[in-house]
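A quick write-up on the structure given underneath.
By written order: A, B, C and D. Residues from 1 in each chain.
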Amino acid sequence: MLAVVDHATPLSAHIANWLAAFVGLEPIWVFHAVGALVVATGVLALVVTPVGLGGVYLERKLAGRIQNRRGPNRVGPYGLLQTLADGVKLLSKEDIIHRGADAPLFRLAPYIVFLSAFAGFVVLPFWPGGAPANLDVGIFYFLALIGLETIGIVMAGWSSNNKWSLLGSMREVAQVISYELPLGIVAMCPVIVAGTMSLSGITEVQAGPIWKWFVFRDGIWAIVMVPAFLVFYVSGLAAAKRAPFDLPEAESELIAGFHTEYSGMRFGMFFLPEYALMLSISAVTSVLFLGGYHDPLGMSAEGGSMHGVWWWGLIWFFSKTTILFLSQLILRWTLPRLRIDQVMYLCYKVLLPIAMACLVATAFLRLFFS
Amino acid sequence: MSNTVSETPAAANPNPSQIQGVKLSGERAVPVIPRDIQTDELVFNMGPQHPSTHGVLRVVLRTDGEVVLEAQPLIGNLHRSCEKILENLTYVQGLPYVDRMDYLGALNMELGLVLSVEEAGGVEVPKRAQYLRVIMCELNRVISHLFASGQFGLDMGAFTPFLYMFREREEGLKLLNMVTGGRLLYHYIRYGGVTRDITPEWAKLCLAWCDRVLAHMPEYDNLLTWNNIFLNRSCGVAILDASTCMDFAVTGPCLRAAGVKRDLRKDMPYSSYEDFDFEVPVGPFEKGVVGDSWNRYRQRLMEIHESLKIIRQAIEGLPEGETQQKKISRAWKSPPGEAYVASEAPRGEISCYFVSDGGKFPYRCRMRGPSFQNIAVLELCSRGLLIGDLIALLGSIDITLGEVDR
Amino acid sequence: MSWIAAFTEALGDAAENVIEEAHDEGNHPFVRVRAESIVEAARALRDKCGAEMLHQISGVDYAEHMEVIYHFTRVTRDPGFLCLKVSVPRDNPVVPTLAHEWRAANWTERETWDLLGIRFDGHPHHYRILLAEDWVGHPLRKDYEPPTEYHGIDCTQ
Amino acid sequence: MKSFGEWASGIWNGLRTTFVGLSITIPYIFRRPYTLQYPEELPEIPDTERGLHNFKIDDCIACSQCVKICPVDCIRLAAAGKGKLARMTLFEIDYTKCLFCALCTEPCPTECILMGPTFDLVGYTRDEVIIDYADRDNPRTFSDGEEIPYPITSFARK
């Protein structure tokens, strides 16, 4: 059923239409709201579970293997249930709001971080027509959510009444807001080529075999798109606060930065979004540059043998995302951490000029080559 | 901006004199990084539970945002009055206690005490025992330097090389365990000798281990030493020049990284170090400025090479003979006298000013903890650094709090 | 020429006033100087005898008097230790500070004050370093009685 | 001011050293781990290990040499009777204090106290780590004729 969904109509609208037909009424806003809720729940259920269980497990296992250790291996086969056990532990821990904390802000902060990290998933086109909400300004919405997350982190750092937390959240603001610039600018390169800001639309333009993907598009575009891809990847690392840009948490400097004072599930609500954000940024990178759900041979392109088969697209989408995700994990366990002024140097003096050059070059190429 | 910072409850205690135990010297530091915006100063309490203070060091930081204006190390959290304990125990009973000073280079601590006492008591040590001491102390030094280098990487955010170095360290600890019976606290060196001889099998294992450490060296270098981020973080950061080192009596790898060729193993050889052929590496090395964090880190890696050389020579040239001076019994006590002998421990020069009145107990054992002297530079050197650089400074000085506080 | 001869020569005419006793034999040669002229003696050691580093300051409680022992070392050439001793009365142990000559003296002198109760006149930060601010007594004195209780912590075990 | 060449070489070095680092870490993913699965796999304990004591109760003549040499006074010893009829009633080692320095094994005239290979001693209270070796049910106490099951340490005996 899903395979025949019209690409333009969001999934929630389909559910609303189906509900209306079931009840026997015209689709009114109630049905649309229910449809949206169903989609949101579905995304959370489908995304939180693999992110929470898979992401954290992968990170720990991979870190273990890189460091010549075993990683988690006690709970369940190969330690697969370790994250679940950790979740249960976090849930059952005492929820401490210490004296001196600004309690309302302290409580609110994890929700904002959690929401903004997971809300990014609704615009991702998982398979042809598989975007839960096919926004016209998908990439714009996604970048805005990254900015929104910093608000939650500033609230956490400020309300914790801990100077290390404050310093961590200030680093976070400085870093993420700065890195939004190259991130946003370089994201415009695919937008210029595709002529749309919708992530589904951008994917559709890349239909076809590997040389149609934006990063290699027709050979000539690689001159622009490879640096653009690298800039986007590095900025994405910084926006997700991953090593070598993990300054806001900087274990050896700021202890744990903005979430030092959080315990139990409130800490868990900072911990999970980190992986969610990593995954969604990897997904957006794969959509913008690596052809999203298209396979390298063009079988899922229009006229290809697998065209419209939803699981075929999903497989490719997730494999590209996972490779990028894994590369982020391996990088963390390979590189030391930058210093705050070097982070700023890298952003404003390295990535931003390259991003600008990429943007201008893309515009010129677009003028002459398409 | 300054208003908002002072209003936060986090900065509600801006007066450093109100914090218990803190006396800031009151000199205004001049930060290196130019500041356009004058903001309120924050007083941070770093430690004693901070992961990068390598123990229970407490540093009170006065910062302007990320720029450290003043760092005041407050020590004593691990103080056990080792010297008082030594005065109240017989000679042989006191030895296991000195292990607890620098728990990462425990054999060198034992040697520091034993050399002084032997000098004052006029004890001859058999040649074989001297060689065994050298082998074990150098093994201990390599282990300690591996730990220190890995720890420095960990402070910089690189976790993986730390565990790679720990792997080799673990093998070394096993070797020490085979001979001494302890993994960390050895109680191996006694007055007039050592407790236990090595076997030929052990010697083979030890030589193989030396090869393995050397084989893994390129791994550390590629992963950490030559990494661009690591170089940027540590080159030219927190420079400790030769004159500052002399002024503060900073010794060991920190002094040598500052370009001063002082190594007691060469300069005042003890325990047959004059028999071995080894170099004393001094800074500056390939990158950075003389005496910066990177050079101190590099100095330790270079010293590992030299120590491995010494271990090889000592094992190959191990003379036959006794391992323990027979005249020294359990009830041995030093005749009246005094001595001051220094030796080269992994973190600097350990020395003991030993006074005996001929009684059952030592009259006075004044131990010099090299970390104690080395950490004193923190106050001067940390001015104008960023917080991340302060961590680099602390990590590259490489202190052990057991020895700072004694 | 031993360092003691060089030191005596360096002091020149002041040597009689500064040096109380010179012990030039055995394994631990030292010069005992008058307490009030330790700064002068240390400067002479540094400037004329090449003692670049103040290696260690030790205090010893000899029951009738106390001694402060300074070990200097030459670094760049002819490495070796040079030792000055200062005797002070036990009831009023005061020695001029060397903290303005070598900053290494700062912490070691504080430690000597902390553990032996020898005061260093003119020291810029003359307070305890290892023990707590409100600790009573100086543990390394031979007549020290450890407290039985400290802030509710039982110290007898 | 940095020249353009320095700027570009900085980027190049950053990328290059990152890939050099990755070329070391990635192969490790496919290598065998170094670590041991502790409770199941036990580390190789050398014969010399100074762990918890082994005590041959019938050999002990209650001479108190070990009590006298102990630097931390962690051994308590009591015996009823004298000479050959002496019977141990208490031989208690307080492992909250013990340094594992093996000094107590050295003066023992009958070699009845020795260091064993056991390195893990855990308990929920401090009393649980005070072990009475005069209790014959103690697994580390051995009677005459019984072989001590593991190679034991004898330290600098004279």
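To be clear about the criterion, a contact is a pair of C-beta atoms (placed from the backbone, for glycine too) under 8 Å apart; a residue touches a chain by one contact, two chains touch by 3 or more.
Treat the numbers as computed from the prediction; the structure is a model and nothing was measured.
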{"item": "Shared chain contacts [subunit A and subunit D, defined touch]", "value": "B"}
{"item": "Between B-D and B-C, the pair with more C-beta contacts", "value": "B-C"}
{"item": "Per Cα centroids, the chain farthest from subunit D", "value": "A"}
{"item": "Distance from subunit C to subunit A - Cα centre to Cα centre, in angstrom", "value": "64"}
{"item": "Computed distance of Cα centres, subunit D from subunit C, in Å", "value": "41"}
{"item": "Subunit B and subunit D, separation of their C-alpha mean positions in angstrom", "value": "25"}
{"item": "Two or more partner chains touched - positions in subunit D", "value": "10, 18, 21, 24-25, 34"}
{"item": "Residue list for subunit B, restricted to those that touch at least two other chains", "value": "160, 167, 223, 227, 229"}
{"item": "Residues of subunit C touching at least two other chains", "value": "none"}
{"item": "Listing of all chain pairs that touch each other, if any do", "value": "A-B, A-D, B-C, B-D"}
{"item": "Complex interface listing, subunit D residues touching subunit B", "value": "10, 13-14, 16-18, 20-21, 23-25, 34, 44, 46, 48-50, 69-71, 99-103, 106-107, 115, 153, 155-156, 158"}
{"item": "Contact set on subunit A toward subunit B in their complex", "value": "63, 66-69, 100, 102, 158, 160-167, 170, 243-244, 246-247, 250-255, 333-342"}
{"item": "Footprint of subunit C on subunit B - complex, ascending", "value": "20-21, 23, 25, 75-76, 79, 81, 83-84, 87, 119-120, 246-249, 251, 260, 262, 264, 267-268, 337-340, 342, 349, 351, 353, 355, 363-364, 366, 368, 372-373, 376, 380, 405-406"}
{"item": "Touching residues on subunit D, where the partner in the complex is subunit A", "value": "7, 10-11, 18, 21-22, 24-26, 28-31, 33-35, 37"}
{"item": "Residues of subunit B defined as touching subunit D within the complex", "value": "89, 92-97, 160, 167, 170, 174, 177-182, 185, 187, 190, 195-196, 219, 222-223, 226-229, 324, 329-330"}
